[in-house]
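Have a look at the structure below before the remarks.
Just so it is clear, A, B, C, D and E label the chains in written order, and each chain counts residues from 1 on its own.
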Amino acid sequence: MTSALKKRSKKAGLSPGTLIHIGNTYTEKSKITVIRYDENLFEKKEVSYADDLRGEKDKPGKVWINIDGLQDVALLENVGNLFGLHPLILEDILNTNQRPKIEDLTEYLYIVLRNFHHHETDTLYSEQVSIVLGKNFILSFQEKEGALFEPVRERLRSNKGKIRKAGSDYLVHALIDNVVDNYFILLEDMEERIEKLENDLVKQTSPAKLQSIHVLKRELIFLRKSLWPLRETISSLQRSDSPLIDEPNALYFKDIFDHIIAIIDTVDTFRDMLSGMLDVYLSSTSMKLNEVMKVLTIIATIFMPLTFLAGVYGMNFKYMPELEWPWGYFGVWVVMLTIALGMLKFFRRKQWF
Amino acid sequence: MTSALKKRSKKAGLSPGTLIHIGNTYTEKSKITVIRYDENLFEKKEVSYADDLRGEKDKPGKVWINIDGLQDVALLENVGNLFGLHPLILEDILNTNQRPKIEDLTEYLYIVLRNFHHHETDTLYSEQVSIVLGKNFILSFQEKEGALFEPVRERLRSNKGKIRKAGSDYLVHALIDNVVDNYFILLEDMEERIEKLENDLVKQTSPAKLQSIHVLKRELIFLRKSLWPLRETISSLQRSDSPLIDEPNALYFKDIFDHIIAIIDTVDTFRDMLSGMLDVYLSSTSMKLNEVMKVLTIIATIFMPLTFLAGVYGMNFKYMPELEWPWGYFGVWVVMLTIALGMLKFFRRKQWF
Amino acid sequence: MTSALKKRSKKAGLSPGTLIHIGNTYTEKSKITVIRYDENLFEKKEVSYADDLRGEKDKPGKVWINIDGLQDVALLENVGNLFGLHPLILEDILNTNQRPKIEDLTEYLYIVLRNFHHHETDTLYSEQVSIVLGKNFILSFQEKEGALFEPVRERLRSNKGKIRKAGSDYLVHALIDNVVDNYFILLEDMEERIEKLENDLVKQTSPAKLQSIHVLKRELIFLRKSLWPLRETISSLQRSDSPLIDEPNALYFKDIFDHIIAIIDTVDTFRDMLSGMLDVYLSSTSMKLNEVMKVLTIIATIFMPLTFLAGVYGMNFKYMPELEWPWGYFGVWVVMLTIALGMLKFFRRKQWF
Amino acid sequence: MTSALKKRSKKAGLSPGTLIHIGNTYTEKSKITVIRYDENLFEKKEVSYADDLRGEKDKPGKVWINIDGLQDVALLENVGNLFGLHPLILEDILNTNQRPKIEDLTEYLYIVLRNFHHHETDTLYSEQVSIVLGKNFILSFQEKEGALFEPVRERLRSNKGKIRKAGSDYLVHALIDNVVDNYFILLEDMEERIEKLENDLVKQTSPAKLQSIHVLKRELIFLRKSLWPLRETISSLQRSDSPLIDEPNALYFKDIFDHIIAIIDTVDTFRDMLSGMLDVYLSSTSMKLNEVMKVLTIIATIFMPLTFLAGVYGMNFKYMPELEWPWGYFGVWVVMLTIALGMLKFFRRKQWF
Amino acid sequence: MTSALKKRSKKAGLSPGTLIHIGNTYTEKSKITVIRYDENLFEKKEVSYADDLRGEKDKPGKVWINIDGLQDVALLENVGNLFGLHPLILEDILNTNQRPKIEDLTEYLYIVLRNFHHHETDTLYSEQVSIVLGKNFILSFQEKEGALFEPVRERLRSNKGKIRKAGSDYLVHALIDNVVDNYFILLEDMEERIEKLENDLVKQTSPAKLQSIHVLKRELIFLRKSLWPLRETISSLQRSDSPLIDEPNALYFKDIFDHIIAIIDTVDTFRDMLSGMLDVYLSSTSMKLNEVMKVLTIIATIFMPLTFLAGVYGMNFKYMPELEWPWGYFGVWVVMLTIALGMLKFFRRKQWF
């Protein structure tokens, strides 16, 4: 979020549609992968320049063009022009802090998704995935090169299921499904961390663990903030009356919708679990204070009267009859033990130990 | 939840409609029970293979096929094909972490419910119950063999009420009613635990009891998460314009709807009770700390001045006139008792004991 | 709630419409009161058997039949048959844990209300009141014999206002108005308890008072849970297009609606007051701890250095020059008093007392 | 609220429309002020009896009749009859615990407002202001005589703005605007109290200030409860299709609506400020406890070992070699100072002081 | 807010449309900047009197008149009359505590925005920006002279993008976009403060930091209160069917709408972060108390028994056999060390240090 805000504020005052890449740069060069497919066709190639894509839009069959890396603004502008994208859409592709959304520009649909993963160290990171669905073409844009869409490519290559037979909207469904499936993997990872934390807390509480709970909570809030607009987006797709979406495919988008609901449910459950852990943590802290204070009070209450008594018979008054008694010393011990045992009994009855 | 998430993430990247059983396996073999009934007819048999169900769909009368155990994917796929189920529906039947929902596929209605019970140990467990309502057939799928639907079978056998006369939608009503009735039994059990906990808390607080409150709270959240979509599901059924639901039977679904509202009310009441208990618990902890500290302060405040005084007359100065006085020792005792009683009076006035 | 849940779960598995009385039994025998009235007529009689009501439905004028006590299921079933009540409605009358609701069965309207009162001991108890409004008849069902509807009978007898002239819907309005007026009496009683508690808390806090706050809070939640559906019910009545409700009488139901809104407002105000009291209570507990600790710290901080000093001059070293000084003892006292006063000044400046 | 509830419950069981004054009585006699005005006319007179108002409704020009004091039920009943008010409306005028609302009775509009002020002592008090808007007459009812509507009378007299030219709905707008303007004065007063409290809290916390925060919070809740229905009322007026409201005047009601939104915003801001103050208050209490405990612990930790050491050399064993050493006493002092300084260094490193 | 409330309450009782400037006065004289532009035209001049604007409305091309400083009520009234503004709109321009809103008066649209910046010292301050969009003219009103709209002037002058070609609605879009971009700068600044505070809190907690968290929280609430109505305003603009807004420009307003959603998201994230920090802060305070108490208890528990023992052998009884033993003194030391080590072992096992 940090870097995005910083770069974003630099854009203040420029006219809308001015293309500036806002986000992190991961690769030196954008990578363009073109897959042309049909029921009987599968062609994959990598190209370097936007010009190599000229004409792809009008060839027979369907074409899926995936671009990894968004730092080459000129390249993306050219691609945008080739496929007739509106400047504001290109701006959204480049500003990688969009919320999930769908925009219907009649000629094509523009869909923004966010893909979450744990970046190098342990901080949760979200990458923007933009998808453009046209009549016979699909464009997908990722911030960095990765294996995210590999399973879809594999399904296309091996011609499993109806993916090659169905229209380009079905491919878009497959891409979104892939991103949503990634959430399940993320949640599984979080679940492990929560369970580990829960087990640790039973053993010992420490400020570091409190911090961990808050980090997890913040990650969940971060995640959730993306899930609600995603839910809306998929719901729009499902109920879309765009001719680009085949009526019968709505059922597939409903399937994704159900998955997202399940994910939101799980995120909420996790949040409730963390809140419960926090409560247990805090009340166990105050319980420990009670325990500590009881120890102190028991010790003080027993030894203060005894020390006083010893002090009394340590006084140097001339006339102190008890000091002369032969059984005086022994008697004092008896009194002291009686006091100590009486106190212990009192505390035992109060169930302090 | 755990296992479901783990198995679910393994499915990432597969095409939709790929059938994998996600959930626990309870039985070695799926059990298929076929009940054919009519106003004048009641036939019950158990079969082993999907092929044995061929033609059941088209025989006269109504047929209810119940399948316990979902691990035999091939069997379920065959059953699905025989009755014309969509692959995504079959996938939902097998992925046993669905939220309650209803889907209208024109030819048939697909209903998902969740049945809750306490599993072996004390953890709350929810089992997925899928029901398919067709023209003259009902399919029901449970994760494990159990007595859940026994009362309905009994009503069918004994021909009580209008269950055999009415259409297949009435049988579906009976099945759902049965599941919902189970919630009352569950709530009754929870009520007992809450009341026991409340009585225990009056006697003594302990971290274990705090934990119990949180476990109960989490179970209620878990339960509630299933109740809201169930409410929606039944409401959809009631207002359904599917020809599979007879208009006059809407009143029966309204009846179930009222039950669910009552259940949600009770769950909310329980949650409020637990929150109140938590508050009482936490404030009684801090009250006990106060009590402990008062004991300590009273003891310290009384004996510290006395011990100081004893210390003074234990000093070894050459010239200490008091030590020579004949009534010195007696006088010190008088002073000490005066101080002690003064302190006690002070604390009594402050209502510390 | 308890007993209702317990009895309710016994009903699990029975077919809907099976009549079982769920609730408490207060009287040995149901009491049936029949009032036939018209602009010029007022006849009141008590009957013992359902058969005595045969024909009442079709006589000229309007008839109001009130039944106290629901344990005689057979009697109620007969009454239900005489007036053409649906089995599910009869079931609702008998299951006395319904939420307030209205159901329009074209021939008649079925209305459920809840009447609250403090039962014997101090626990808040709610009784179900069912009203059936037909063309020329009104049926009302109470769980136990009581004076609840006495004011309405009185108004009928004395022919005050337009109650005898107006239709049977106006009588239903009078009955509901009566129940709602009872809420004001209940609230007044609660207000007294809250004010008493507030005054008590100023004087002294104790766990028992904390408990009282929570009991009151729970009662308010219990009450509120019934008020929202009641609000909906009256709103439905007011906007009803049933021919059983005269258009001009809508204004009277609007009047009740306003009363309920006022009641909900008051309940919310009470809840806010209790929350505020709880906050004050808890923070005053922690404030008292502070006070206790200050006393302890002041005492300890003053006497510990002094006792130490006394201890030093109680040592038995051979060579301790101070002990020989003629003004040694006096000097020590001066030092001690200086320390004590310095400490007191320090605490005074810290505003500890 | 108190007295209203008490009087309200006495009304239980009476028929609706029975006129009883519920509320406080401020004046001995109701005061009736009649203002007849037109573009060129301004006549003001005070009358004593309802009969003096006969015919006022039908004279040319517009008439505004203001009645202060509601205890004279007979008078109000007569006024109501003269202007054709429905008994239930009269009842609402007399029961001075209505929420702000508007009722459209075709012939006239009935509007309830609440005017807040601090009553004698510092408790927030709300007075009911009822307005009836007819074709050429306006009736306004206040609980007590006051200067509330003086500015409107002044504007009428001095013929400022369009108030005399515009219809009677514009006068109603002026009356409501006047009441709403009073809220700003109230808020300004509250703001001062909040700021004073905030400044005080920085200096010193005390239970009395905690109480003040809660009193302010409760007043805000009390105020807010009235503002939401007021918002609804004005919104209804603005969107009203009653012929009594001139279409172009809707803009003026929109203006009041915006004021109310601003007031609600301010009330919410105040509430957030008070919540923040409460948080600061509570955490500063616990911070002070920490401070107190640190003082105690530092003192105890330094002097307990020293006192122990002094005690050791105060023992009377025959054979204690250190006591014979010439530098023994001096050595003990060195050891003691070393311990004390070591402890202080330890606490300094822990940043305890 | 303060000053606004104070001045606002002075207005109570005046007729609506009475023009009084409510807000702060920053400049001595209002500054009027007139920019006339067209595809081929850019003229900028500054004028001093409202009369200098006569006729500007009807000249060819589009004109943008910006007025900085609102204290000259007469000037603004004249400007209002020249451009046909309704008195209530003029009143809104002058009362600078409006919430963001849009009003469609057919002839022109009136839009209120709020511009936030940190005023001199560190307090967040919001300035009202009013925009009037007419057929061929745009009026903008700011409370004080500033560089807020400089980037838009620069874009007009340099003829970048379509700003000079497009209609006056596009200029309004540019102005609003400019204000919204400023929010990003504000958020960036807040983010830095939050991160600094978070880092500081790890090192040391103090009441001043607690105060800082609350100040930030209040600023966020203050900001958020303006963002929600802003969201509504832009949404209205986007969906507006006013002929003043060109259909295709809706996409540009949708762009701003997305920005506002992102800003609200960020504000919510900040709020969650601050709440988390507060939680960590408070629980670390209570954790520190535990630590302090453990130190005290360890010290007291070790030295109290030892001091007691030393006291015992400091007693002056005639007959105390241990005192005569040759190894008595040594033996006491052994006993004392055993006790001390045993205590330490006990605390170590309890994991207290």
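What we mean here is this: contacts are C-beta pairs under 8 Å (C-beta built on N, C-alpha and C of every residue); 3 or more make two chains touch, one makes a residue touch a chain.
Fair warning: this is a prediction, and the values are worked out from it, not measured in the lab.
Novice: Tell me, which chains sit next to both chain C and chain E?
Specialist: Under the touch definition, chain C and chain E have D as mutual neighbours.
Novice: Please compute the angle of the rotation superposing chain B on chain D (C-alpha atoms), rounded to a multiple of 5 degrees.
Specialist: To bring chain B onto chain D, one rotates by 145 degrees.
Novice: Interface overlap for chain C and chain D, more than half of numbers shared or less than half: same or different?
Specialist: Under half shared, hence different.
Novice: So the centre of each chain is just the mean of its C-alpha atoms; given that, what is the distance between chain A and chain E in Å?
Specialist: 27
Novice: How far is the middle of chain A from the middle of chain C, if each middle is the mean of its Cα atoms, in Å?
Specialist: Distance between chain centres: 43 Å.
Novice: Multi-chain contacts only, two chains or more: what residues does chain A have there?
Specialist: 286, 289, 293, 296, 300, 304, 307, 311, 314-316, 320
Novice: Hey, which residues of chain A end up touching chain B in the complex?
Specialist: Touch list, chain A to chain B: 151-152, 154-155, 160-161, 163, 173-174, 177-178, 181-182, 184-185, 187-188, 191, 195, 251-252, 254-255, 258, 261-262, 265-266, 268-269, 272-273, 276, 279-280, 283-284, 286-287, 289-290, 293-294, 296-297, 300-301, 304-305, 307-308, 311-312, 314-320, 351-352.
Novice: Could you pull out which chain E residues touch chain D in their complex?
Specialist: Touch residues, chain E against chain D: 1-2, 5-6, 8-9, 11-18, 86, 88, 91-92, 97-99, 101, 103, 204, 207, 210-211, 214, 217-218, 221-222, 225, 278, 281-282, 285-286, 288-289, 292-293, 295-296, 299-300, 303-304, 306-307, 310-311, 313-316, 320, 322-326, 328-329, 332.
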